[in-house]
Amino acid sequence: MIFDKFHEECGVAGVYGDKDAANLVYLSLYSLQHRGQEGAGICSTDRHNFYLHKSLGLVADIFSNSILKDLKGDIAIGHNRYSTTGANNISNTQPIFAEINKGKIALVHNGNIVNASQIKKELVDSGSIFMSTTDSEIIIHLIARNSKKSLIEAIIDSLSILKGAFSLIFMTENSMIGVRDPMGVRPLVLGKIRGGYILASETVALDLVEAEFIREVEPGELVIIDDDGIKSLKPFEKVEPKPCIFEYIYFARPDSIIFGKYVYDIRKEFGKRLAVENPVDADIVIPVPDSGVVATLGYSEISKIPYEHGLIRNHYVGRTFIEPSQSIRHFGVKIKLNPVPSIIRGKRVVVVDDSIVRGTTSRKIVKMLREAGAKEVHMRISSPPTKFPCFYGIDTPTRKELIASTHTIEEIKKYITADSLGYLSLKGMYECVKNLPFCDACFTGNYPTMYGDGESENKC
Amino acid sequence: MIFDKFHEECGVAGVYGDKDAANLVYLSLYSLQHRGQEGAGICSTDRHNFYLHKSLGLVADIFSNSILKDLKGDIAIGHNRYSTTGANNISNTQPIFAEINKGKIALVHNGNIVNASQIKKELVDSGSIFMSTTDSEIIIHLIARNSKKSLIEAIIDSLSILKGAFSLIFMTENSMIGVRDPMGVRPLVLGKIRGGYILASETVALDLVEAEFIREVEPGELVIIDDDGIKSLKPFEKVEPKPCIFEYIYFARPDSIIFGKYVYDIRKEFGKRLAVENPVDADIVIPVPDSGVVATLGYSEISKIPYEHGLIRNHYVGRTFIEPSQSIRHFGVKIKLNPVPSIIRGKRVVVVDDSIVRGTTSRKIVKMLREAGAKEVHMRISSPPTKFPCFYGIDTPTRKELIASTHTIEEIKKYITADSLGYLSLKGMYECVKNLPFCDACFTGNYPTMYGDGESENKC
Amino acid sequence: MIFDKFHEECGVAGVYGDKDAANLVYLSLYSLQHRGQEGAGICSTDRHNFYLHKSLGLVADIFSNSILKDLKGDIAIGHNRYSTTGANNISNTQPIFAEINKGKIALVHNGNIVNASQIKKELVDSGSIFMSTTDSEIIIHLIARNSKKSLIEAIIDSLSILKGAFSLIFMTENSMIGVRDPMGVRPLVLGKIRGGYILASETVALDLVEAEFIREVEPGELVIIDDDGIKSLKPFEKVEPKPCIFEYIYFARPDSIIFGKYVYDIRKEFGKRLAVENPVDADIVIPVPDSGVVATLGYSEISKIPYEHGLIRNHYVGRTFIEPSQSIRHFGVKIKLNPVPSIIRGKRVVVVDDSIVRGTTSRKIVKMLREAGAKEVHMRISSPPTKFPCFYGIDTPTRKELIASTHTIEEIKKYITADSLGYLSLKGMYECVKNLPFCDACFTGNYPTMYGDGESENKC
Amino acid sequence: MIFDKFHEECGVAGVYGDKDAANLVYLSLYSLQHRGQEGAGICSTDRHNFYLHKSLGLVADIFSNSILKDLKGDIAIGHNRYSTTGANNISNTQPIFAEINKGKIALVHNGNIVNASQIKKELVDSGSIFMSTTDSEIIIHLIARNSKKSLIEAIIDSLSILKGAFSLIFMTENSMIGVRDPMGVRPLVLGKIRGGYILASETVALDLVEAEFIREVEPGELVIIDDDGIKSLKPFEKVEPKPCIFEYIYFARPDSIIFGKYVYDIRKEFGKRLAVENPVDADIVIPVPDSGVVATLGYSEISKIPYEHGLIRNHYVGRTFIEPSQSIRHFGVKIKLNPVPSIIRGKRVVVVDDSIVRGTTSRKIVKMLREAGAKEVHMRISSPPTKFPCFYGIDTPTRKELIASTHTIEEIKKYITADSLGYLSLKGMYECVKNLPFCDACFTGNYPTMYGDGESENKC
């Protein structure tokens, strides 16, 4: 999935009880880089002072050895962020740190609070000040305003007010607390690392630092890690879990266990089912790399159409890439993808992608394949049509920009100039995940939590 | 005045009603660089959005043309900051910006609130969160918590609670507000610039941007600048003004008008009076450059001892200067000062400095002069002995580190190994300023505003 | 291919006769980033002055819009460099520029001159000075020392002395000259771009800037591009071409045409033949991504063993990645690769890589797959055993570090702890390339050009 | 002396036989920063490898602790550079390093070779290549081309060909060699530092690192420092010394011993003599800081006109200072200087500067003083009229831009709008320096060494 699609969401990680806490969080963030490339930060504590470093850029560019050395202590939490908006953008990076009546506290957040604007308005009306535009600052304010004596009680009270998605890691002077919203929209996993514990968005973080995967933090669970060990609370009203199906479709790394399953396996199932539902007579099937690779393998397996790696991706695309001067025409997707004409030429080509957002990238890919000599181009999408924006942490365009929201499949096919277009059906998708409950709002519009009027801002 | 003395305090500036507002604030901060060299920032508004850039470093290094271009709008405020403490230091740079129930607001602050800890504690207790350790954040919280409908009323209420020194510039979407505390501890001046207005810590800022000096903002005055022009309020209880005498002694630039007088003139008076009070038979009188130059001219004029520029200062000392490896011994004051032996050799030398803090620098200077061949070294200080820390915005060491607090003049003389040591008397100092009231707490311990128990943190 | 293997060699590009010359070279270098990631540079001319910018780092990080704007003129050449050795490393980046008796000249070079040390010695003995350690500086000296009046004649004379590999692009005030050594070891292609011409290491550069591929510069050919058009010379003694077979095996991008064939096609043939020569009963075949992907597809096609993408690569590995502190053990290949256990577990796995250098990476990969649950691990290599170092532009370790130079295949199998190990045979490899002549010295030790005694330094 | 005047020339330093060699050279360059602010570099050797770091910027910004640590070895040389011209500017920073037939060699150079173009042409004609535009590269080429077996003989032969000014420090694997041209135009001093030796442009470098001043390197002397100690050669034909009088007038720091005298003493003599030759009835005499300070003290002493520090200089002017947007008018000298009106108002002011180049700055200063209320402004210059460009290392404008070259003193007075203008006479100047021989070409046009036709480029 390229360019004109969803921005990726955030990644979080935390380590408790290891003298290399900041180093281990650094490695974790590095393995979660695919969840956000615009900024990152780590906050650590030596159980007295808090140390914070955050900046715009990639994890590997933000932290140096001397910076990591300054992030002292045996507890640390970190965050990868995807978007930069507003002049005040460094203020929006995480972790956020604050001094409140319950002591010093730091927080990282993956998700989106749909009633954020309303809560913020109430807080502002009663005298809170906001120095960033992140949901996380709202959470800190709620905790600070809460009259409960204990921090844990205050956290529970505060989070109970929130509607939306949140996988959070709090850090205090003596503890690390992981929380997942009652629907469990965003993932969060728990592991054992040497003498301590680790929390992270995906299991790949645990793999890299050689931590042992214990289990997922469950929807609605609050995991408190301190010197007494781990304590688990389930203080929220129980609701049906609604994990985000898009973690399987696109976001998470294929080598991660998300919601109990390897992403690779589910993603391949999607591809298989896509082949069953949308067969086509063709010579080769190729992925839009890298996100389309696994589904394409599934498609190939069922359809018996040979898999080829017909589009080559340039991985050196960086944040700072300069568009050429205006007299050179816009290169768009060519900066990232280039076809292999000898594979494509004279062939009937099936090209598999995970989703279509605005349709402009798909249109360019079809054009590129035809110019490389494809006789036919059949686009196959390993998810249902994306018709509705996400309010739970994925940066989608507004509804009217989502091509499937305003066009039929036949119209989309014409727009992207493909010979045929097939999507995975909603029913097919659910069968791949054993008909377990998921949030499918982006396909159906059935948003599991009421959200305010109008379109919410989408934050991570 | 060098190294082991007071750190310098902050500088503030604001421009209203000029399309080059950020550019003009940039130049103003540049001319006020002597008031703080550790960080700077500018916040501007196009009357809708707020644009903010702040960083550690010197003004000329922080802002580029493209950054200034992004600071859009015709209102802008800026700040020079002197100190970097804590891991969270970028959070402590100013301007600070917040969204509150009265709209968007930005603030710069020169001074120190002595009851900050107590107010902060109350705010935190009732649910405010603190993301920096600046007094300025306290002020924003007080305004946000205030139930008054109008911003101006809320500002007045909030500032009425504060004890201490504050020269502030607020910026809202449609106005710029300058305030000086009732005692007028820190300076703040008002000028006319092309179609608009300018506020700044010192008149040198007005000189550089070719603004016309209107007058000082008066102690206890609130100046509101908006599209209707200037409005002046004096809402605070009237108290005796207590401007900081150290602005004359050391802080302000000699070419600035502070408290109605050119600093140069007062500083020269100090030197003259010092000569009257502390005569000595000597061959030459030399300054500790640059701050001692003007007083030395006064001393020379009265004493008839020839002025020589016997210590040469290296002005290229930067923030990033690297101390040589441990095997090379500590160079201390030598990095900044070097004597001219041909002037010093065989001479009885009077050396004039503005103050002595810990005494270590003075001791090194005396040693340096003796090694350059001075027959006698007589230290003269153009202010009374500094015995008490400042709680109003100057970063002094604690009382026990102030040598004059624990040693007699005779003992100090011995410590710094001078042949004689003479300070300006308090009475003499006051006569130089026509016996007008000033804050002289650093000499007398008579703090004009009650401050809490123990030693306050000193912030700018 | 990962970590402990060959470093990649250099990439070159040049554009003549387009007002966006530097911009187009920038894009070309970007598409050739896989040929060298340690530094890059561009030199341009407005037919009077020469403009040069070069630095360490990735192409996308080195050039900004304002830098590209400063690289004026309608001729430009550029270079991607792979290695940083010595304190003087910026001096070793290219293009190199010099003023000589034939005017101003700039040069980029891909390849390695095997008699460089000897020529350098003679030049130094007769008074030349060397300010870098690149072969390119030797070439400039030879041209300067040459007594021929015309630059072209001097270039021809100078290059005639060289033994080894060189794909060169020269730039003068009025021309761009491409040269390939008589054996044609390194690739160089020619294209038409809008009003002008383009030279580049690989056709992917032409694809990105939408240039039309004309043909390869032929072995021993000198292509002179100026305002009179293109002129071709073949001034060198004709020898049998010996293009580098490793361009097919690993270096070039699969979507490039190298030596007349798409790399993808040849690489897939290698995989097919590997399957024929080294069959094994297994459940899945997986690549070491990204370089092993295409050969793995070939292996799968012939063996009918299903292809899976069982190792996931993290593409965010940057130049600045920090190894964790010593108390965390060395992560090695884990930083780049992570297995998908659900695909691997209980399976007999064939893993296909393009080559084995020291064997340490292969050993880690086998271990990683076993820990992920593989029942058997069969390593297959899509090239013959690499026994000899390269002296023509590839940065190989010395002979004794090449595991295949000192160990039998059986011994290597044991070292890497695989259940079986199979290499592509030399005969098989040649059949894949229609038995055309290639340089196969790294497999056979038959170096096509005599090289000096001892091991040469390997430069790009 | 400000803005529109001479750029400053270069500074050099070298340390032999101290394990902190690079550190000590760093400190030395720091103390010589006034001789060049545009770039700096250090090259060191551990008697086998050479380590080089150079960059544009100030010394304190270029070197970090880790960079200094990488500059290994007990010999190091360094350079401060003043100018950045051409696209290739990093190539022009020094030290320059080269590998030649006599081994590895590095070089720093202060001065200017007037027959550089001619020598370069001959070298280029016979096959040398030039990768920078510095004179230093010429010197290296000459040494490399020389057929003498020994490096010292080759150096002597090569330097014998040069006409112009050169204070050089060479570094080889085992020695450091200091050379001063036969006329001794630029300074170079020798000192003892701990176990080793130091060479530097001025004695202030020795003061800072606490080295003991031994003596100046004499005009025409070659000082060879190696493990056998110091050896002195005087191989060049003896000519009358012609040290640059401008070192006394402006360049050198007042606390340096140059040509056997403290600069401060000579500079003060100039001021005294200026007062004798150009008396005027006035109320105060003020310097153009900082360079005019010492001469002003001399003027005041003789004239009995009180010295005041009437112009305040902002020392924070950095390389990166941004001129405000075009709608704000050009601030010129105001960025650096601001008058003290209370000192100036109603006064007859003598203002002392060291020289007038184009006259534009003097004109602005006079205007500034009048606007501050001066009743009369009398300009006094502590050197004779500057009528001729320098070809020996000072970056002067061309002759026609030098106002004194085309205007009488009366005309200059009118141009700068002063009430009177007086220069130090040539005779007076010489009497201040005991009528010793100096290069006075900038005043008289009597260039001591023949230089080529036309105006030479001026390099450091």
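Odds and ends about this structure:
Lettered A, B, C and D in written order, each chain numbered from 1.
In the analysis below, a contact is a pair of C-beta atoms (placed from the backbone, for glycine too) under 8 Å apart; a residue touches a chain by one contact, two chains touch by 3 or more.
Here the structure is a predicted model, which means the values were calculated and not measured.
Chains that touch both chain A and chain B: there are none. Most remote chain with respect to chain B, judged by CA-atom centres, is C. Between chain A and chain D the centroid-to-centroid distance comes to 60 Å (mean Cα coordinates, whole Å). Chain centres here are Cα means. That of chain C falls 48 Å from that of chain D.
Per-chain Cα centroids separate chain B from chain D by 36 Å. Among the residues of chain C, none is in touch with two or more other chains. Chain pairs that touch, as defined above: A-B, A-C, B-D, C-D. Of all residues in chain C, those touching chain A in their complex are 19-20, 23-24, 26-27, 30-31, 33-34, 37, 58-61, 63-65, 68, 204, 207-209, 253-255, 261-262, 264-265, 290, 293-294, 297, 301, 306-309, 312, 314-318, 320-322, 324-325, 327-329, 331, 334-335, 338-343. Of all the residues in chain A, the ones that touch chain B in their complex are 49-53, 70, 87-88, 90, 96-101, 124-131, 137, 140-141, 144-146.
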